[in-house]
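I have a structure here, written as structure tokens, and I will follow up with some questions on it.
Each chain carries a letter (A, B, C and D) given by its place in the written order, and its residues are counted from 1.
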Amino acid sequence: MAGSTFGKYFTVTTWGESHGKALGVVVDGCPAGLPLCEADIQTYLDRRKPGATRYATPRREADTVQILSGIFEEKTTGTPISLLVPNTSQRSQDYSEIASYYRPGHADYTFDEKYGFRDYRGGGRSSGRETIGRVAAGAIAAKILKELGITVCAYTGSIGPVSIDRARFDKAAILETPTAMPDRTASAQAEHYLSSCMAEKDSSGGMIECVVTGMPAGIGEPVFDKLDARLGAAILSVGAVKAVEIGDGTAVAAAKGSQNNDAFFSDGTGIHKKTNHAGGILGGISDGSPIVVRAYVKPTPSIFREQQTVGKDGQNRLVQIKGRHDPVIVPRAVVVVECMTALAVLDLVMANMTARMDKITAFYRPDF
Amino acid sequence: MAGSTFGKYFTVTTWGESHGKALGVVVDGCPAGLPLCEADIQTYLDRRKPGATRYATPRREADTVQILSGIFEEKTTGTPISLLVPNTSQRSQDYSEIASYYRPGHADYTFDEKYGFRDYRGGGRSSGRETIGRVAAGAIAAKILKELGITVCAYTGSIGPVSIDRARFDKAAILETPTAMPDRTASAQAEHYLSSCMAEKDSSGGMIECVVTGMPAGIGEPVFDKLDARLGAAILSVGAVKAVEIGDGTAVAAAKGSQNNDAFFSDGTGIHKKTNHAGGILGGISDGSPIVVRAYVKPTPSIFREQQTVGKDGQNRLVQIKGRHDPVIVPRAVVVVECMTALAVLDLVMANMTARMDKITAFYRPDF
Amino acid sequence: MAGSTFGKYFTVTTWGESHGKALGVVVDGCPAGLPLCEADIQTYLDRRKPGATRYATPRREADTVQILSGIFEEKTTGTPISLLVPNTSQRSQDYSEIASYYRPGHADYTFDEKYGFRDYRGGGRSSGRETIGRVAAGAIAAKILKELGITVCAYTGSIGPVSIDRARFDKAAILETPTAMPDRTASAQAEHYLSSCMAEKDSSGGMIECVVTGMPAGIGEPVFDKLDARLGAAILSVGAVKAVEIGDGTAVAAAKGSQNNDAFFSDGTGIHKKTNHAGGILGGISDGSPIVVRAYVKPTPSIFREQQTVGKDGQNRLVQIKGRHDPVIVPRAVVVVECMTALAVLDLVMANMTARMDKITAFYRPDF
Amino acid sequence: MAGSTFGKYFTVTTWGESHGKALGVVVDGCPAGLPLCEADIQTYLDRRKPGATRYATPRREADTVQILSGIFEEKTTGTPISLLVPNTSQRSQDYSEIASYYRPGHADYTFDEKYGFRDYRGGGRSSGRETIGRVAAGAIAAKILKELGITVCAYTGSIGPVSIDRARFDKAAILETPTAMPDRTASAQAEHYLSSCMAEKDSSGGMIECVVTGMPAGIGEPVFDKLDARLGAAILSVGAVKAVEIGDGTAVAAAKGSQNNDAFFSDGTGIHKKTNHAGGILGGISDGSPIVVRAYVKPTPSIFREQQTVGKDGQNRLVQIKGRHDPVIVPRAVVVVECMTALAVLDLVMANMTARMDKITAFYRPDF
């Protein structure tokens, strides 16, 4: 497979490139009977839309979604849902020069090596616009999870040297700050930092955190389809992500067992954990605590400084990238991480329905 | 799917639990004509064998592999290779007590929640012995990659507070130190640290680094099957791994674009990169530089200190775990990470063979 | 999975229903560098277009394909190809009555049982229009196969009691007769038969034969992905097909081994078979002879006679179906069978590229 | 994938060849809590065991199954079930001659073309012994289906010119006659016919019918994973099967719509059909009537007559096959068809559990 499909039960196949006619996604395996309209999806797409703030590319795309199939009388029918977003702002001339060389930090060289040539307009399939399909599909997954009492929420954890302070956590700020940080003070500091990066013709990396609450225990499969593994695959498949952590993440390497183990306790309402170093996953299976996952995102590779590279002619040369580029990828990638998390979680929620014989019997022989 | 299969082309299906009759793996999709014998696989299994050092459980298992199918006249036939390792040391009585409570940091609770009950002997399927199948299959993958000029090498990067010094890198030390560190000085320090952990009835986490050299550019698929995503899934599917990094990993979040971009240059022999912050992957596709991936491993959850937990009866209680347990997971997990990396890479090496029309035509119509 | 995807290497995901905005398909895994334009696909779609003859529904659809992604400078880029065909002729009022009862021979009842409700307009996803995506994708598969010297050709073998005479085989007639028969005499007889069916408010079944020539030996996998099994799945997934035969098909049950075995012989140019009872497949793998496969198609279930059925209210009732319906499915299904065959064959052609170690080594280390 | 895995939910991976150490299967996705012991599986294996009658090869194999994993306290745990059957009767010398030429009707030539060489002992992976894994796994599938009230029953429908008479249907005879016919009179005739074939050093084909009763309506997916398509793939993947029919099968081609449509009626207990031409499947989804599927099996290709073929040296030659061979494949293949049917049906039974939002909500929020 060429890998444009994610999920085994709720399968999502994305298509489209930066400068084609449109981008989109086909969602197969969406259960029948879910109320769904374009506004449910548009809300999510608007969160990744370019042009919203000064830290996002001024390229303006309406990014308006159309539902082409799978809905009847405002409910899903169980058949594939095809979603399409037309490309409207395609200044191909901006990109004509980059056909002649390999941009550092981009996939130009690797695409040429793999396919023999590439669609160089706006990065083609390696463009950030590829995530439109992920977000559109993830919006549906998130709506289903919500019906099951499961909520997925991502936000910016850090930009360059500026990290959020959990004591100031303010959920409303995620959608209201230009940084998608849940901390207005940190957001202001990060904005200041980004301004200095832009002044230096440079860009910044950052970190995205995603928390899943309301997870029942028992979701995830014990070996290759561990919940951690599927989340890792989902999030590392997002361009520019270079690391994924679950729970305490890299910090576990320096920890002792007595620090890292989460003690269980019972309070009459059920079994809980005193701490959540594990990030809600034990042995690849959810333990009922919140799932905590973090994605580390590299700085935008398109910087306006002069850089050394090689041309299509094989000659060394200096280049200076032009065009419209975000100085930081993170704020617009927050919703992408949220959506990929929703897709990974929902797929395993569905997979879990066939794990026990007594549940299957109850499904098919309810009166037995 | 219940997720005991990894890979789309070179598919690996593992089975078995700690206290069953045997563990094993079926490798489907191994190309025909590869010379293969049991010794090729045993070498890898011996690296994860318990009982080798004082930092590994004294449980002694021969862990001797048998090839049951797929070989004829000492070569693979293209049909499934079934590998089996009998369980020989099963002191089930050691584990009888743990049936009655949920061990902190283990999958006891999550298995019960998912399946309604669990095979509590030695952790059942969530035991570290589950990795025997991964290693046996990975040994074959590594052998194929070697024939293609690709080498996979993993080693311990840190244990607790002790990290290797790259200036002292000594490949031979990986197989010769009890820590699997490529730095004998750091290894001695780590041993000292582990002794103190054991004296405190505690355990330590650590980090494993894996480097793939000889990778051709062009391996990996651009969207969900990015090389990063497949490596992430492979390594996060190993029990106890809580974070995965590619190249500079989490550090990219604090970096600027001018620091993180790798400049291309040409030296007459081809196109290369001056640095390798990207860890050999751009846009999900290998760029010809070494692949660098790191796994962060939590401390052994079985510690001999008293811990708080909940019993099967729902009552809070204190427990003290007995039995045979490594004070650190990392050294024996090194070969597991190496093998999972080999499996992920080989699968994408195979996937890449159908990426270009000219190559397919050359395959089927060589004289055309 | 909800099963709207076919193929493991050349994967085809179809979407759309009779009365949605559009129908389409996403092709993932198409190799890069194939010249492709909309006309390549339109030619195939035109062969299944309604309204061409008096034996096809007078419903007129332009069925014009648009390529939305995956092409750059008139060649495939290796990324997903999204194809879309707008629905233009949607007389929903014709179908409003059928919401109230279950049409015999249709999927109305089974969809309601599965999903709780259904999109009753024109059969929704169970409409013959669902095949548009298959044909659009199959056109690409057929073009790739042609580049490899492999040709797929389907035609009508029988309609009701009228069968073609192989002595009169005339390939041009397939596209020129309204029956898609390669025999103009039989076609005239079949037309006469269909007229009598229509006069009786009845419909007719028929048989489609498909032949693949130029197949190299060695295509197909030995167990569950036998070439026969994949062809069977492909063709039985077409609505209304109730039987599939390979080579001599059902006749083998009455044959003796001495009659059914195909003798091998050598003529200096290679190894051939004197006969082809096996239909070009031995042990699930192509033997170099033409692949011969037949699909048996049931009569159009929408007949204008009065029929007994049950209403949504659970009451027995008589119904008389109205609307626009072909008296025979076969002629328009010929191109669907051809395309599904192309998809099944191409997928296994790609799968075969990783079967041998020497070929993989030659691919990656050509000078070794 | 190399195609040794069947099923997406209840996945079955078979391995082993005629003359390796053993054959087996790994079942992944078996729900937890099913009572299972070796006797459950042995009963099915005994039905395909060689040596039972004069129409089966006198080769004597105990074919005793061992369960190696996935069971704890006599119940399935939800983890992979590994089943192994040792090869005990391996007279390799019988097969040494066939290394030098290609047997007509066998996969010798196609394996050599695909893989460059073959394990020629007893047909290697293309041996009928490959079905051991299918039967062992199918026994588990059948047991699960039985818990759901679904029964799968296959029997011989014809051998050569002798067909069963449905008026004499006697279920007990299936297990008691050497032909596996549910008609003792036809069985006696078939035995007489087989004796004459053997006297002529020849072999006979035949037909197997399989009926699934107790099927709920709603099983099967509407497009590529139609119940028909999955059954077709399952059964055409059995060696020697050359045609598959659902319901009226090939006869639909000559039928009229008024004959072929099954009228619905209501009798107070639910909706039923007056006839079952459709074989229990409409639009790829079960309609609540019995599923009826037929497999047409070619004559044993190993006949003792002189046959023309080509040697490994490329020279034309005459050969006379020796060894131990059944004069008819059908009786021993009955249980294989039954098991493949069970596997295909169970997989779609599981797939169906995620088809509706209300059912998913009820599963996860039963009190909501």
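Keep in mind that, in the parts below, contacts are C-beta pairs under 8 Å (C-beta built on N, C-alpha and C of every residue); 3 or more make two chains touch, one makes a residue touch a chain.
What you see is a predicted model; the values in this text were computed from it and never measured.
Chemist: Can you list every chain in contact with both subunit A and subunit D?
Modeler: B, C
Chemist: For the pairs B-D and B-C, output the one whose chains share more C-beta pairs in contact.
Modeler: Counting C-beta pairs in contact, B-D comes out ahead.
Chemist: Since subunit C and subunit D are copies that touch, just let me know if over half of their interface numbering is common to both, same, or not, different.
Modeler: At the contact between subunit C and subunit D, which are copies of one sequence, the residues are largely the same (over half shared).
Chemist: Tell me which chain's centre, taken as the mean of its C-alpha atoms, is farthest from subunit C.
Modeler: B
Chemist: Between subunit B and subunit D, what's the gap in Å when you average each chain's C-alpha atoms?
Modeler: Those two chain centres are 38 Å apart.
Chemist: Indicate the whole-number Å distance between the mean C-alpha point of subunit C and the mean C-alpha point of subunit D.
Modeler: The answer is 26 Å.
Chemist: I'd like the Å distance between the centres of subunit B and subunit C, where a centre is the mean of that chain's Cα atoms.
Modeler: 44
Chemist: What are the residues of subunit A that contact at least two other chains?
Modeler: Within subunit A, residues 1-5, 8-9, 14, 29, 32-33, 78-79, 114-116, 125, 216, 222, 355-356, 358 contact more than one other chain.
Chemist: Going by the contact rule set out above, which residues of subunit B touch subunit A in the complex?
Modeler: 1-6, 8, 14, 102, 104-107, 109-111, 113-116, 125-126, 130, 158, 160-161, 197, 200, 202-207, 216-226, 228-237, 239, 241-266, 271, 274, 278-279, 282-288, 296-303, 305, 307-310, 314-316, 351-352, 355-356, 358
Chemist: Which residues, counting only subunit B, touch subunit C once they are in their complex?
Modeler: Going by the criterion above, the answer is residues 8-9, 29, 31-34, 76, 78-79, 144, 147-149, 216, 222, 349-350, 353-361, 363-365.
Chemist: So in the complex, which bits of subunit A are touching subunit C?
Modeler: Residues in contact with subunit C: 1-5, 8-9, 11, 13-17, 20-24, 26, 28-30, 32-33, 66-72, 75, 77-82, 84, 114-119, 121, 124-125.
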